[in-house]
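Note that chain A is present in both complexes that follow, paired respectively with chain B and with chain C.
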Partner chain A sequence: MIDLIIIGAGLAGLFAAYTAARAGQRVKIVAKGLGATHWHAGTIDVLGYYPTAAAPVTRPLDALRDLTRAQPPHPYALLDGALNDALENFLALMQELGLPYAGAANAGDNLWLPSPVGAARPTFLAPRAQLAGDLQRAEPMLIVGLQGLRDFYPHLIAENLTKQGHPARAALLPLDLITERRDSNTAQLAAALDEPARRAKLGAALKNIVQPGERIGLPAIVGLEAHRDAFDELQAQVGAPLFEIPTLPPSVPGVRLTNALRNRLRQLGVRIEINADVMGFHAEGDRVVWIESDASGRPLKHRAEKFLLATGGILGGGINSDHTGKVWETVFDLPLVTPPNRGQWFRARFFDPAGHPIFRAGVAVNREFQPIDARGARVFANVWAAGNLLAHSDSILERSLEGVALATACAASRAACHPKP
Partner chain B sequence: MKRIETDILVMGGGATGTGIAWDAALRGLRVVLVEKRDLTHGTTGRYHGLLHSGGRYAVKDPPSAAECIAENRILRRTHAHCIEDTGGFFVVTPEDDNDYPDQFYAACQRLGIPCEEISVAAALKREPLMNPQARRVFVVPDGAADSFQATHSTAQAAQRAGATILTYHEVKQLLVEGGEGNRRVVGARVRDVARGEDVEIRAAMTINATGAWAGVVAQTAGVRVDVIPGKGTMLAVNHRIINTVLNRCKMPDDGDIIVPIHTVSVLGTTDERVQDPENLTIEPWEVELLLREGEKLIPGVSRARFVRAWAGVRPLYQEHYNGASRDATRDLTLLDHQTRDGVAGFLTIIGGKWTTFRLMAQVTMDKACEYLNNCKPCLTATTPVPGVEQGHYWLGHRLREVEEHHLQNELVCECELVTRAMLENAARNNPTLTLDDLRRDVRLGMGPCQGGFCTYRAVGILHQLKDEGRRTNDEGEVWEVAAMQSPAHNLASLSAPSSTLVFGLPSSVLLRDFLQERWKGLLPILWGRQLKQERLDELIYLALMNADHLPDQNVSSPMSDFYSRPGVSTTADQPPATDGGGAR
Partner chain C sequence: MHTASWHSVGMTLDECIKCNVCTTYCPVAAVTDKFPGPKYVGPQAQRFRESGQLKSPDISVDYCSACRVCNEVCPSGVKIAEINARAKAQIVAERGIPLRNWFFGRNEQLGRIGSIAPHLANLGFHNPVSRYLAEKIMGVARHAPIPRWSTQGSFRKWFFSTPRLKSDKKIVYFHGCSTNYYEPCVGKAAVAVLEHLGYEVIVPPQNCCGLPMLNNGEFPAAEKLYRSNLEKLVPYADKGYPIVGTSVSCVLVLREEASEMLDLENAATRSLRAALWDLSEWLRDLLERGELDTNFRELKMVLPYHVSCQARAHRMGRPSLDVMTLIPGLDVREGNAKCCGLAGTYGYKVEKYEIAMKVGEEAFRFVRAQGDDVKFTTSDSEICRWQLEHGTHKDCRAPVEILAAAYGLYDLDKRRLL
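Moving on, here comes the complex of A and B:
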């Protein structure tokens, strides 16, 4: 018998499963796909910008007070210390898994990492392989790309970094250092660099072009399964600090993060059923009894005591919409907070700093992270929700995507482990 | 100030203006064409892509229909590679008038438009998604036309015959000489918007082919031209749900056509008289109307995934007309301002449609030649433009070439199968100021992800080209504009035969402009799967790239303002005080 079924295998779903399994719950994950973590930069963004802030956020945990005052229903406002706990648990877990993460040298500050277009990207925790890119460090940068790799342009990055006062130069190396195939998929290049001989060739070429005192920025392709060894060996060989810059999806750091979390869940006995699109459910009174997935052309019922919804927002597939302006939650058809009509969904500028109202749509929850309706009443006694499905935050705009996912997953999972009547 | 002397000055780089430049050059005249943006920036680049058989106007506007079928036959020879021979159906749905089909058939017979009735079963076999409740179906020789490719090919034909084509040259003022009763237009002062310089062009004849903008341009010579700007809105479905043009068999009306073109199918159109051809707003009711009417031709189409909406302005013209734009004639009109307004040396060509652009050019130049010496007769009807040897366009050509030459890893835009060398060659050899120019050249960013992946790549590649500097042409290299869209003809990166590259803009501006340009066309149709796609694009450009915080925030391009003007009224003007609305 399963205690808790988690619907969704993104960062929120995986972390909720981890939290519940460690608390002794029998957990199963049912998900349509692999989750959106493969598309992320692999960093943990907690807060970078928000519309009412005067300036970019330098100390996210300090800024939360101001954010939640300005936006009382924000998911961060519902947490009783769960963000700190979640971040600490996450750091410990990743250390254990051999994919250590860390924050800025000055504890509590945001990191400012070079983006693949050379902007300074605010994030709170980053995998070790990205840390030396922090733009608060002074060493000049050598950004190195590979000829023909369509997802990484070192000259563009270096030019924009230099314009912002971070000295950087660029170089291109031949792609055949890494692969004989005319292949520019970053995930495959990363897998190729799992092989020591290939990294040695790349290392020799880097050593040749680096100047004393420089740090080297590379596309995030330094190993997939053997990432830790690959990164350490390459750095030792070159003799200069290395850092990876995440690339267009599929993002190798995102894949590494998902793989690590899933391995740990397997060790904890959590079953993960992918390719199981939830198509229906059955409730008796205010309790969900089972959900039904559509897998391999046959319906399959999944029963559990409790259900935790982590299907994501519009990007993850937890929310869908149509041309009439109807917006719905895709599993339980839960009440949603949405702009009143399609005329209110967007603003005229793509980069409007206030964001587009539709992306704040989502499920409203109480402090127990249980979905509620417009009157504030709990919809189901045994359903919890976490992650970007939650209303009142545009986490891509805020650069709070992973922070919201981890913190709400931790909080919702704890609440589900110890349900209140 | 730079000065140019010429026989003919053509204003407007749409199909008509480019056709006039071609026609004039073939007649042995010196000709200069000025276009304020890129070629086809105006209505030519914003239509659904129908090559008319004339069937649409057979009952309502027979002279127009006769011109269409004649030009249809000519363009299939002179511009073969720009045309897909899709054929067209006129479909009588259960909602349509019973008498019209027989009138339609008779009118087609009268006008010589090949028209054959086929069984509904036979039509469904060819187009399985067509409404099975259709009562009758007629087949006509409609086609799909690539107006970008056709205009570029025409421009190259004109250039090879000696014409000068100046894009990003905006007319500021027509030059008028002489006093009352003896006035004469002697050219124009234009602004090179990329370089920020003025140029004076003096011409024996000045021709206004600026379409919907004709009134604004004529005004600078004190001449009044009342264009009837008829806005037409169109929606693109993300793939080819049909391979034949589907028309409703009834009097022309809103939402009566679906055109398969390149990788998409286009639902068109609405027709609404507007004031300003530049600022077009797509209203929610237009989208709803097109979906509702589209359902009658293809049941279920409103649940398809739409990738884009856009609007163009028909430059309709009728002297002293005050009715609805839907009922204004589609016929072409040539205004000789010498006889009409007492202003010599100045012609305005207006009205018509893409299918009749060559005829419009011919009519215009025939008139111009009455005022000039030593003109040869028109040759355009029998002179193919470069590229016709490729034969008619077909949908699979890029995929076949990519597979034959193993170019999968060269793709910069996977949606539209644009390779790196295609992009580089277009950028090096066509005047390129913004990424939108490259979109018109090679269809960059026109597929389902609407620039999500290729915007970044294109910016990176252009940046690298800039760093390489301009090379001179290698011996024997020829830039064939007609091969611009062909992966197989762009296996290697050509160097630039002339320095047409206009890379002055910082990469951040190129990126911001293009993303905004794509956003403008997405707004009216963002819901369902396309909304999800858009959110992925946000993840890429906000969370991964932080592209909204790049340097050069205050730098803009000549197009920045244009892309940023609201293209749709379905936007929240005010930031919501809260999240707005309660639970559903």
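Moving on, here comes the complex of A and C:
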């Protein structure tokens, strides 16, 4: 018997499952595939840009007060303190799971971390292995890449950082320090660095090229299962601060985060069924009774008392669209808040600071995080929604993706644990 | 007529967003750089395989084991394994098939010939000298866990020579080649369980499902086998009889893989799909309808359960687990290993044997972690059972054997009916 089925295995789905399972609910996750955590940087953005402000956000929690006043339907405006709880729970959980996260040295400030092209990106919490990359620190950087590793070009990164006033130089090391493979992706290299002997070779080479006072930026490949030890040992051996720069997919910090959360869910008895593409559902009155997923022979039915949607936005697959401009929610065909027609999806300029209206499309919810229709009436009595599926936030523009995911997952999951009649 | 279904293999190609989740989870790419990963040989290389293009010199897709983990983790629904299978078929169509792979595709005939004189066949093939020669001449890995022919006679021979239950409730059994020639005990256990539940078991004429040929790129020959099975089985489906199978991979081929890979979709394929069940899936359905006899004997043991990649590819949940957990005293432990490595005939090939063993290490490690007292393991696929026994030196049983034992019908040690 399952109390709560969560649809979606991204950050929102996993965190909602954790919140509910810890509150004693019997939880199952049903998902089409593994979630978007695999291609994200592993950092927790809360708010990096405020659409109408010229400057980036320095202190996101302060800026949120303005945002929630100015944009009452924004998911952040529905939270009642759940953001702080979610971030605290997340920090405690990650500490417990051996993948500790932290924020900027000046508590409450955003971090500014280098991207894999050397751009500065604001984020609120980062895994410990990324913290020394904060561009608010003064030490010059040595960005180290590996010959033959695709999509990570240290000279490009160093040049771009230097141009922005963050002194950096670049170096390339041979790939055979780490692996005998002729061809490797970042996930495979990270697994190779789980082995102490390979780390030691890399460490010796880094020690050789680093100059006093420098910090070293590496592609995010320092260990997968043994990441914590790998990072600590390598840093101690080199004797300089190290930081990882998240790469293009496979993004190892995202994989580590997913693995850690999934392991904890397994311990909590949460079953995660992936490759389960939800194709239909059955409702009686205003209650969903079951959902069914595509299977080789006949659809597989999943029954539960309650359902929480965390299927993501357009990229995650929670929302789909066609060439006629039709936009729909993919599981329950819930009412969506969208621009009225396709002509209004986009503004004329690609980088318009106000963003594009279609990216704010999504499911509108009440303060209980239950989907509502255009008149504000609850659609189903036992359905909740969280994450990037929600309307009224443009999380890429705002740099709020993971903050919205964690906070709304926490709030929706709590509401689902104690449903109001 | 060949028709593309609404969600056809080719159409899904455009759904790939290059996120690399498949590459991250591919068990083969993790252990060898001969296989660059599903994204590269699948959705990416497929762009260069359109008809009329020059032959690609890149044949690394041959190192895909067809375990389907890529499909499982893909968040976009790309049918990567099927794209790879078709690419292999294209290579075979262009360049011909190695003799060894031609033999591997014909395991039904091999089974039939060997079972004429199984003692002699086992002696003739399973001795160090012939295995050495088979490796040197044919490229069949000499240590690979190739099954032995049953010396008790085939499953069909047993079935048709013993008195069987007659009943109004009828069910059709698809045993597959492996049960018929190598593990008839699995078929006997299945018949015993079905008869115990009051069903008359019908074993119609049937042939190889075609999986070994599909995996080795022989699509035209596989299509003949599939069509032949449709002719033999669809009449029963049309009568409304459920058809059950104990081999998850055969059932997967007959229900979905063959029609997808061959782009063959019609009333007959739909009829078979609707009637065909994995036996555990069907038992779970009985359970949900309140019709399963749950009066099991206690089986006091720890039982590591390797969920084979072929079972997961069905997307039907964990029916064997759902049913086995009803057995009192039985501590079934579900593993998370991605694949046993053997993957059909993959691990039998000399150039792939080491890869298969490295892939399987995750499953072997899981079994070892359950303690030295573990006597049996279980898995839905015969291939996984052979590989697990090879890698762990512990006996592996089919879930239906465990159930038959729990109904008091079967001796798990001796692998025979009581």
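Here is the rule we go by: the second predicted complex is superposed on the first by the 416 of 421 C-alpha atoms of A that agree within 3 Å, B and C clash if a C-alpha of one lies under 4 Å from a C-alpha of the other, contacts with A are read in each partner's own complex, and residues count from 1 in each chain.
Here, contacts are C-beta pairs under 8 Å (C-beta built on N, C-alpha and C of every residue); 3 or more make two chains touch, one makes a residue touch a chain.
Predicted model, so just to flag it, every value in this text is computed and none were measured.
Peer 1: Which of the two partners, first being chain B and second being chain C, lies in contact with A:Gly297: first, second, both, or neither?
Peer 2: Once the two structures are laid over each other on A, A:Gly297 reaches chain C alone.
Peer 1: Mind working out whether A:Asn106 is in touch with chain B, chain C, both or neither, as first, second, both or neither?
Peer 2: A:Asn106: touches no partner chain.
Peer 1: Per the contact definition in the header, classify A:Gln188: touching chain B only (first), chain C only (second), both, or neither.
Peer 2: A:Gln188 sits against chain C, while chain B stays out of touch.
Peer 1: Taking the superposition as given, does A:Val255 touch the first partner, chain B, the second, chain C, both, or neither?
Peer 2: Only chain C is touched by A:Val255; chain B is not.
Peer 1: Report for A:Ala276: first if it touches chain B alone, second if chain C alone, otherwise both or neither.
Peer 2: second
Peer 1: Looking at chain A, does chain B or chain C touch a larger number of its residues?
Peer 2: For chain A, the partner with the higher number of touched residues is B.
Peer 1: Return first, second, both or neither, reflecting whether A:Pro353 touches chain B, chain C, both chains, or no partner chain.
Peer 2: first
Peer 1: A:Gly33 contacts which: chain B (first), chain C (second), both, neither?
Peer 2: second
Peer 1: Overlap the chain B and chain C contact sets on chain A and report the shared residues.
Peer 2: 36, 39, 182-185, 249, 315, 317
Peer 1: Under the definition above, what is the set of chain A residues touching chain C in their complex?
Peer 2: Per the stated touch rule, the residues are 32-36, 38-39, 181-185, 187-188, 191, 249-250, 255, 273-277, 293-298, 300, 315-317.
Peer 1: Provide the residue numbers of chain C that touch chain A in the complex, in ascending order.
Peer 2: 17-21, 23-25, 29-30, 33, 36-37, 71-77, 251-252, 255-256, 273-274, 276-278, 281, 312-317
Peer 1: Chain B touches which residues of chain A in the complex?
Peer 2: So the residues of chain A in touch with chain B come to 36, 39-41, 45, 51, 56, 73, 115-122, 148, 150-153, 155-156, 159-160, 163-164, 182-185, 246, 248-249, 251, 313-315, 317, 320-323, 325, 327-328, 335-340, 342-351, 353-354, 356-361, 364, 372-374, 391-392, 396-397, 399, 401.
Peer 1: State the interface residues of chain B toward chain A in the complex, per the touch definition above.
Peer 2: The touching residues are 284, 287-288, 291, 302-303, 406, 409, 411-412, 420, 453, 456-457, 459-461, 463-464, 467, 507-508, 511-512, 515-516, 518-519, 523, 525-528, 531-532, 535-536, 538-540, 542-552, 564-572, 575-576, 578-584.
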